Amino acid sequence: MRSDRRKILGGIGAGALASTFPAPWVRDLRAQEASEIPVAIASPMTGVFAFAGIEGTDGANHFAQYFNERGGIAGRKLRLIVEDTGYQVPQAVAVFNRLVAEYKVPLFLGDSTGFQKTINEEVNRRGLLLAGASFASEIDDPKKYPLQYMPGPSYSAQVGMLLKHIAATKKGARIAFVHSDTEFGRDPIAKSEAYAKTLGLEQVEKIVTPPGSFDVSSEVLKLRRARPEFTIFHGYVMAPVPEFMKQMKEARVETQFMGTFYSSDLGILQKMGDVADGYLGVNAYNYVNQEGVSGPAMDFIKKANGGKYRTNSYLQPWTNLTLGTEAMRRCLESGKEMTGANLKAALNTIKDYDMGGVIGVPISIPGNSLGVGRIFRANLKAGKMDPVSDWIRAEA
Amino acid sequence: MIEEADARVDAPILQVEAISLAFGGLNALRNVSLDVVPGCITALVGPNGAGKTSLFNAISGFYRPQSGRVFFEGRDITRLSAPPRAKIGLARTFQNIALFRGLTVLDNIKLGRHAHLRTSLVEALFYYGRPQREEIELRAEIEQRIIDFLEIDHIRHAPVGALPYGLQKRVELARALAMKPRLLMLDEPVAGMNREETEDMARFILDVRDEWGVTILIVEHDMRLVMDISDHVIVLNFGEVIARGVPAEVQKNEEVAKAYLGSGEIGSQVRQSVTEMAAS
Amino acid sequence: MSPALLDFVEFSLAGLCVGALYALTGIGFVVVYKATRIINFAIGEFMMIGAYFFFGLAAQASLPNWAAIILALIAAGTVGGFLERFIFRRLIGESAISVFMVTIGLASIMVGLVEIAWTADPRSLPTFLPDRPFFVPLGSAEAFLASKNGWSFIIVAAIMAAFITVFRFWRGGIALRATAADQQAAYSVGINVPGVFSFAWILGAITAAAAGILVGSISGISSAMGAIGLSLIVVVIVGGLDSLAGALVGGLMIGWLESMASLYIGGEYKQVATFVILLLVLVVKPYGLFGTHDIERL
Amino acid sequence: MRIGSAKQTYAADEAIFKTDVQRLWFGLLALALILFPFVSSDYWQLLACLIAVNVIAATGVMILTGFTGLVSLGHAAFMGVGAYTAAYLSNHLALPFWLSIPAGGFAAAAVGAVFGIPSLRVKGLYLALTTIAASFILQSIFFNWTAVTGGARGLTIEPASMFGHLLVTPGAIYWIAMPIAALSVWWARNLLRTRVGRAFIAIRDRDVSAELLGIDLLRYKLMSFALASFYAGMAGAVWVYLFRVITPESFRLIESIFFVAAIIVGGLGSVRGAIFGAVFMTLVPELLKIGASDLAPYWPDAVKLLSPVRTIVFGALIVGFLMFEPLGLNEIWLRIRQRFALWPFRT
């Protein structure tokens, strides 16, 4: 009995090893086809950000389809190599090292701020272009991160857009920040507090929630006392935002809820339920189901998904790849090798570029970020996000 | 032999002075005093629950008595914790064998010498110089003095858990001998052994006293063994000393007989056969 | 009533209500430990599967909430019983740390299965609690208590009452207590000890699932929500692993302390406050406030 | 083929390698480890470095849990102490790596000894829980002591340098990580041949009788904690030179669990088990990942759909080993070796 089980266990183990072990060696021998441009993606398919990683992978795959259908770059097709990181830096670094060594990729998409910071030196040394899912303000600095870029405005630019909107709506309004006590949550806060001051807004409360805590009742009590007119969430995806909104409603605090990119997705807001109606979110992209939005890219997306809604996380790698491939095109067209420095220089030449409907205005990328965003209002009854501002260009 | 013991009778190696020990209202030991004469075999007997093992534990420092004092070679060790007591020569074996099952026989025996070795953690990591010398010397000594003496050379590399009961008891004795004992405390050394093994053990115990010059304090139920080998007998009942003296005297003591009958303790012959069956 | 006092009362109420949820999870943990001496590190994952069962039945299969809750609890209990029967019972006699690691392995398996069945998307649970807040009268003022907090407290109190009844009066509960006190003795008086083990696991799983549904209704659910269970282990360390009263007091105390830390120092210091208490307890009473420990014998 | 040998001296019988054949195999292994970086890609070098780091830490956990019987689930946090210390010393005092790595070890040893104090009063699972508490507490210190740890943002460290060369690639760090791993293993083996190692095992098997044999429990339990944490600290310091960025999230409870899982899978109570466990637990998830991405050309959603399967396999390995192979890989290895002991004369 026992020895049978041993055999089975051993068999499974041996099978697992046998099926995988030779692979890397075999692959090393495989000649890389000159007709392809490999791009590697380290994506969180498990762990806390798995939902974003999975959406993003779909977005990236659809982009590759779109791009290749349209001929690639001078006949060279885009080939994506996607791997899971579990949203863990060491795993992401391992993925990076392997894929970069194996495929000689000109562009790598990462999964987190932590990873993008960790790998920065290595990226500089190896000379390739890196983008990812992070909008960390720190990375929006071409001096420190010369070979990186981000597919939208940095978090502090996003909060800045919200603050500007508030200042335009109501002079000297009372505002409160609610953010998570994580790297992601803390990122824009100091800058935003200062910016709110210069706009003449009155900050009446700042709430910091520990990561992983589900209870918000004592925080709500604080907000109930502070009575902010605008409450800005940052550093969350979903929890605990809905609970904040529900309890604030119960406590009859009349406040306008707002949030940054990750918690401004229509899909997420719909999951939050009715309380999310009227929520103001800043987004770097158009929503896939937004009316009157078209362009070759957006039309493709709508068709490829058969009308299914796709989240912000889907459009993020789409945008990264659009910019990255455009940089490659420009680089190759000017007869240069696709090194990181050349690609970044080519990327910075992108001016007033049409994103094919993904972003409502022509964009430029003078530094590390794509500094445009727009504020939308959740209209859950219609299942839509209604734009309430024009496309805003980020300041600094 | 007897003369030598008599000569030193004024300076007992171990003196227990009126110790009392209680566990949550239950008195395990009440005002127990005893002396152990150097170079002799002193037996501690009494029915089950009389407090023999508790007394052993108090002497070796595992329990702290609530009152009373313990002297070893004239030194008050009442407040000393167990490890230093082991170092000054109080060695013992256990009623339920307490060998380290994850180690070989040899390593178990080596452990006995622990307190006398000097190797520090850092030295141990490099195993160079003193630690190596110390280990090799220890090994040589154990091989020559203990393993040969106790006739366990065939099992020195065996893991201790796999050994038969009688051998385990012998390894435990070997480990206690490795402790450089001045006083060897044996807690039921032949319990559960068959006759042959018991006789072997008795021989070893006598040899330890005679050849090694080690004083022995023994707890044992096997009355025949006790009467055969011990020089002094102390009888405990309900945590109190009820009799003491040379074996012949104690055997005749009525109170002792009553204590055993009252406790319903079966005779040693019956017990012997039962344990033999169990061991086989 | 002075504003400072009102603050204190309101925050205390909020804290105690959250503490009740901590206590509930703690009890799911203690029941298993008490009977079987197994530390169930997968407690958070039991919460998670309970919440997902409820989600599947209520939101996806569109059952009425009450039916979905009952079925979800039954399903979670079945999982608990199944794991006991086919895994933990075979590990009786293995070292405590091995069994502990098995629960960790199971936690990982459960996460993977949930991700396959429901994907890793975060989701909201259907609302099944009224959303009218409580206003507790306090002299001239009123203390605000969010509805979910209040209802969680009431539900947890009801579950606790049920527990006490079971343990005091029902034969199975008494058998469980007897087994906890002395397994050998329980065997010898004819108690079906393996049955008690199964019962403890089922009960533990149901309790955890109930806690999971309540927590999920507050924070939403995701395949990563098991981490909450991990952080709640602090509750049982403080209360004592084998004490139901300890879990209750530990849970309430930590909930209250967190709320106080949030009021007087700031939300980011909630956890620090918890750890300070934890440290104090470990130094002063390493077996927890109410935990027992066996006297060492040779 | 291996043939029983008669030893001439006690010293020979106490040696780690008892036969020439063993020495030969060891020589081949050493040679392979030396040649490895010259024949492998960056990726395999990185994995080798990660394995080395994990071997160092797992050997420490093995000493503490496998030999002394004290369960620690705070080891990743101790690793973090080493990593932060090394990073801080290297950034602020410009300490070279060969000083900051041991310094990281010593800092972790001090912290580990402090958190080992409860081991004097509690045992077994309770101790495991206290070490979880240690892990939480240290984690919160990493997070909040911004002046030293950089808080949530973490720290960046300058690359290690040797003779003016910056050691930035995994291939370069390999020459730091692998020797330290080898040293760690050698230390552990030596330890077991002396009174200290025997005392640890005695404490594991029966701590009360160990005390009556003259082993000072307080001293040895703390010593074991300190030593194991020293290993963890060094592992953390090497880790930080490998990745050059630390955030508090790098050293979570789950990593501590990883180490305990590794020594169980490898086989509790043998140094070899720590090595096997660290190698196996590092490689298996990677290989499964490679397997999934190899399927991608034929099955585009493979990575997406198989990722949860990896989580399941990780858990199933732990459960499977504990249920069916509780003595771990080391036992399997011994069985295989037994079978081939007299090969080719008899199989």
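Odds and ends about this structure:
Letters A, B, C and D mark the chains in the order given here, with residues in each chain numbered from 1 onward.
The working rule: a contact is a pair of C-beta atoms (placed from the backbone, for glycine too) under 8 Å apart; a residue touches a chain by one contact, two chains touch by 3 or more.
What you see is a predicted model; the values in this text were computed from it and never measured.
The chain closest to the protein's centre is D, with centres computed as averages of CA atoms. Put simply, the chain farthest from chain A by mean CA position is B. Averaging Cα coordinates per chain places chain A and chain C 35 Å apart. Averaged C-alpha coordinates put the centre of chain B at 50 Å from the centre of chain C. Spacing of chain A relative to chain B, judged by their CA centroids, is 73 angstrom.
Residue numbers of chain D whose C-beta contacts span two or more other chains: 208-209, 307-308, 310-311, 313, 323.
Contacts with at least two other chains are made by residues 62, 94, 98 of chain B.
Shared contact sites, meaning residues of chain A that touch two or more other chains, fall at 45-46, 50, 54, 181.
The touching residues of chain B, when paired with chain D in their complex, are 60-62, 81-84, 86-87, 92, 94, 98, 100-103, 107, 110-115, 117, 119-121, 123-127, 131-132, 134-136, 139-140, 143, 175, 179. Those residues of chain C that touch chain A in the complex are listed here as 7, 10-11, 14-15, 17-18, 21, 115, 119-124, 127, 131-133, 144, 146-149, 215, 218-220, 222-224, 227-228, 231, 255, 258-259, 262-263, 266-268, 270-271. Residues 45-48, 50-51, 54, 181, 207-210, 212-215, 217-222, 224, 237-240, 242-243, 246-247, 249-251, 268, 271-273 of chain A touch chain C in their complex. Only residues 41-47, 50, 143, 151-154, 156, 159, 168, 170, 243-245, 247, 249-250, 284, 286-294, 296, 300, 303-304, 307-308, 310-311, 313, 320-321, 323-325, 332 of chain D touch chain A when the two sit together in their complex.
Interface residues of chain D, counted against chain B in their complex, comprise 10-11, 13-14, 187, 190-191, 193-199, 201-202, 204-206, 208-217, 223, 227, 269.
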